[in-house]
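Next up: some structures, all given as structure tokens.
In the two complexes that follow, chain A is the common piece, with chain B as its partner first and chain C second.
And now, the complex of A and B:
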């Protein structure tokens, strides 16, 4: 009975969203009477609750292992621990789509809570846009990917969850990433509403900024967690593979980062208005494109799970309608929202604009590389792939200038900054910068790429420190630093500092770990010794035993470094329900570095020998630490914007 | 008038920036793309020895052989028309098994007898078939 209720709830919400949309179109030109606005509000509130309830019902079906539901039968098993029964709900196409919808509903509800701060006419248009997006996704779920379809006869046991997904990562990575992706619907709707109104104001920028920040924070955390998960679960010793699905998640992040910077210009200087609107439309379109690419199975990817072209066509149609529609509207209204003010290159907003260009250019290169195989396949029929070498060669030259400019523009003022000021501000910074970089080079004598990365890190940190101290300067008292001024600096500035420090730490992690990692691979029998860096690793013991729902082969390694000795355990699992194997790497942290051991299957069979891979990844923790600091900076900024959330109009 | 020139200048810088980016990107794409071939295409096409390519197919039953050291593995893949022998040094992916669709990246040996793989890719999901292989088998 429950699945039918879930299904009916979804269908009702589909009808309600259509009704809301139809009403919005019909009464768009009328003066909004209080009662009518309220009706629309309740209508969308009710639809959101219906969607959330149906997601809850699906979770209950999973927990109770109701195998009469086809989706449950395909993706779970009674011998699973409770946590993986719950997370299994979104470990498959249909379930994850319903989760996508639920996250959209959560944002819808959150919007309704804060709606009182917005002018009614504007809020009304935002609700209508949200209804349209909801309609598309509910339709997609109900008609092409319905999770509530029954099967008969009722199977007695489920097929089980893919072992790679049987991990705490599944509990957090997809929800966080979806909170980021789907959150972009709100800035998109705000932009569409602004276009329909025909005006973009500083107020508008203040309203939309917190929503962009929320998305950005979740995107940052979601991607970081995904990278960490891939690092420890796949056993490849790497944290980013330039896989299409990874690229597709990076694209909205790059555009949202650009958007955060450009909306700042709109807020402070009423500049870059049309650019901000365009970016929010594109960022949202890219999340749709990402869904299309992942769900249609058009690209070969390590993330590609069984897929269905019919679904791809539905999303593609939706993508084209939404993107083309929005861009058309943008084109029509462009003249009305056009910037009247000039932007000078040597100013904060000029720096932000340049930075935006680099961020967007890097996004374009990644997009091109990701969809290139589709283009070539469609035009020549040849199957090709574009891998890491391409992305490295095009991404790096774009990202270094972006970092340099970002350090510069932090230290520039709004409006015009003359060149004398620029010079007086930067000559000290430059000297310290060159001094530090040379010291580093003299001490460590590293290859050019690492040096470049370290230099970028130092530059970013120096620029933040430089700006911080200039804000503490008490001009009336000569050149003394006044620490009381720390309280006067706005929280959003501190947030920006943290985010940029996060970028610096991230770059440091990437440069050092990529530049100095070492790797060993060999076939080892018991008690043989491996030498990697200063470590002596002995293949000490191999145990075979049955665990909860898998059969385990656990290799114990005795690791010795100087006088320090410890054990590491690398595991190979064979899951009992699916019979699928999975590797669990042994990872030992030492300060910010990792020793990482993977044990393969017996090779050749019967010999008792195992392929062992050992990675030493120096300072790799900085990569994820940096990303977390970035997200933390976002949260600090968000606190500053709470006023525009809670303020009553 | 001055205003207009300024705009024109900015526009020009923009165009040059975008143009050169696209040029370098396309050049990089041209150099860095990896072509995908089926075992049949390997036999019939001119492929230079040093070129990095990908091949794909189903792992042939009973074809997996390890050398005495255990580090090197030899196996065959098929597109149900022709067979290609592949040699690989390293840990095979978890889902590598007979009958499974896999993709290998590497280069072809002299005489097109053996494909020297640097990477072997199998997918996360047992039901999943790389689109290239699915297309190949359908043809």
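And now, the complex of A and C:
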């Protein structure tokens, strides 16, 4: 009975969203005598609740292992621990789509809570846009990817969850990413509403800012977790692979980062209005594009779901309607919303604009690299693939100027145009910067690319420190620093500091780990010795035993570095339900580096020899640490921005 | 200048035409001829998974079908069943392309192993000599190590039989 209820709830919500959309086209919020606005509000509230309920029903089906539901049968097993029964719900195409919808509903409900602070005409248009997006996704779920379809005869046991997904990482990676992607629907809807109104105000920017920030925080965390998960669980031995889907997930992040900066200019200086609107439309469209690419099986990728052309056509149609519609509206209303305000290059807004250009340029190069194979195939019929070397070559030259500029613009004030001011602010910073970089180079004598990365890190940190100290300066008392002023600095400024420190740490991690990593692969017998960097690794012993729901082979390795000796255990699991193997890498962490041992199958069988891969990744932890600091900065700023939710527009 | 306002729209529409094109023709792959046909199988530095054999030595003096696959390649999964059904009759050799050993193992463990021997090209650089287009690809090589035919994309049973009878006659 439950699956039918879930199905019916979805269909009802589809009808309700259609009704809401139709009514919104027909009437204006203030047209009718009774409050039509409240009717629409209740209608969307009710639809959101229905969607959420059907998601909970699917989770219940998973927890109770109801194998009469095809989707449950395909993706779980009775001997899974409870946590993986729950996470199995979104470890497949249909379930994850329903989760996407539920997250959209959560954002919808959150929006409805604060709706009373918005002017009715405006809020009405936001609700209509949200209804359109919801309609598309509910339709997609119900008609092409319904998770509630039954199967008969009822199987007695399920097929099990893909072992790769049986990890705490799966519990949080997709939900966090969805919270980020789906969150972009709100800025998108605000932009469409603003375009329909024909005006973009500073108040609008203030209101939309925290929503952008929420998405950005979740996107940052979601992508970071995915990267960490691939490194730790999948044994890919790296942190970013320029896989098409990874690239597609990075695009909204880059645009949201750009958006976060440009909306600041709209708020403080009423500038870059049309740019801010365009970015929020594009960021949202790119999440749709990402969904399209992942769900249609268009590109070969580790993230690809089972492909089905019908799904592809549906999302493509939806993508074209939403994006082309928005961009058409944008083109029509462009002149109305943009006030021709000059932006001075030597000012914070100028810096932010330049920085924005670099962020968008890097987004464009990634997009180009990702869809280029499609273009080539369509025009010449050839099959090509664009790999990591392309991305490294085009991305690096763009990212360094972006970091340099971001350091500069932190230290500039709004509206300032004076070059003398620039000079007075920067000569001290420059001296310290050059001094530190030279010291580093003299001590370590590293290759150019590492030096460049370290220099970028130092520059970013110095610019934050420089700005912090200048804010502490007591102008009346000369050069003295007044620590009492720390309390006067706004929380959002501290958030910005943290985010930029995060970027610095991230760049440091990337350049050091990429520059210094080492890799070994070979077939080794027991007691043989492997030399990697200054480690001596001995394949010490091999144990076999049975665990909860897998059969385990655990290899123990003695690792010696200088006089320091320790043991590491790498595991190879074969899951009893699916018979599929999975590897658990042995990772030795000190704070900075990882030594990473993966033990493979016996090769050849019966010889007792094992395939062993060893990675040494120095300083790699900084990559994720940096990203987490960025997200932390976002949270700190959000605490400050929360006031905008309660402000009357 | 008026058109400039609609530039994002125009770019987007062009991109969507390509996307539509791709999805429409997703399954139709044309047979491709290779410059290598009727030539000797190139000498490659490709080792077997157990490190014991070189691919050129292994295929000497027998009629072999060399299938290039990867565990990350979705069409290879579909093709796998076809290969299994012919694995008794013919010597099929697997060449894993840009793949890790663990993933190859789990791929074969999950779907079964139709290959007499599995070789691997970890970096993918050696496969360039074969004029690799994309995975999967299947080469039909005769006793003198001459390439008789090359099939691009997943092969189905009908095609497989057709190629074999075409080669024999």
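Quick notes
We adopt the following convention: the second predicted complex is superposed on the first by the 640 of 649 C-alpha atoms of A that agree within 3 Å, B and C clash if a C-alpha of one lies under 4 Å from a C-alpha of the other, contacts with A are read in each partner's own complex, and residues count from 1 in each chain.
In the analysis below, a contact is a pair of C-beta atoms (placed from the backbone, for glycine too) under 8 Å apart; a residue touches a chain by one contact, two chains touch by 3 or more.
Just so it is clear, the model here is predicted, and its values are computed rather than measured.
When both complexes are superposed on chain A, chain B and chain C end up clashing with one another.
Look at A:313: by the touch rule set out above, it reaches chain C but stays clear of chain B.
In the overlay built on the shared chain, the residue A:328 is in contact with chain C alone; chain B does not reach it.
Contact with chain C, but none with chain B, is seen for A:292 once the two complexes are overlaid on the shared chain. In the overlay built on the shared chain, the residue A:600 is in contact with chain B and with chain C.
Of the two partner chains, chain C is the only one that A:374 touches; chain B does not reach it. When the shared chain is aligned, chain C comes close enough to touch A:282, but chain B does not. In the superposition on chain A, contact is made by A:361 with chain B only, not with chain C.
Applying the stated touch rule to the two superposed structures, the overlap between the chain B and chain C interfaces on chain A comprises residues 235, 297-298, 300, 302, 304, 307, 383, 385, 521, 523, 578, 580-583, 598, 600-601, 603-604, 611, 613.
Those residues of chain B lying in contact with chain A across their complex are 3, 6, 14, 17-18, 21, 24-25, 28-29, 32-37, 54, 66-71, 73, 89-92, 94-95, 103, 121, 123-128, 130-132, 135.
Chain A contributes residues 162, 164, 235, 297-300, 302-307, 342, 357, 361, 364-365, 368-369, 372, 376, 382-387, 389-390, 393-394, 397-398, 521-523, 578, 580-583, 598, 600-601, 603-605, 607, 609, 611, 613 to its touches with chain B in the complex. On the chain C side of its complex with chain A, the touching residues are 5-6, 8-9, 12-13, 15-16, 18-23, 26-27, 30, 49-52, 72-74, 100-102, 105-106, 109-110, 122, 133-134, 152. Contact residues on chain A toward chain C in their complex (touch as defined above): 235-236, 278, 281-282, 285, 292, 296-298, 300-302, 304, 307, 309, 312-313, 316, 319-320, 323-324, 327-328, 330-332, 334-335, 371, 374-375, 377-378, 381, 383, 385, 521, 523, 578-583, 598, 600-601, 603-604, 611, 613.
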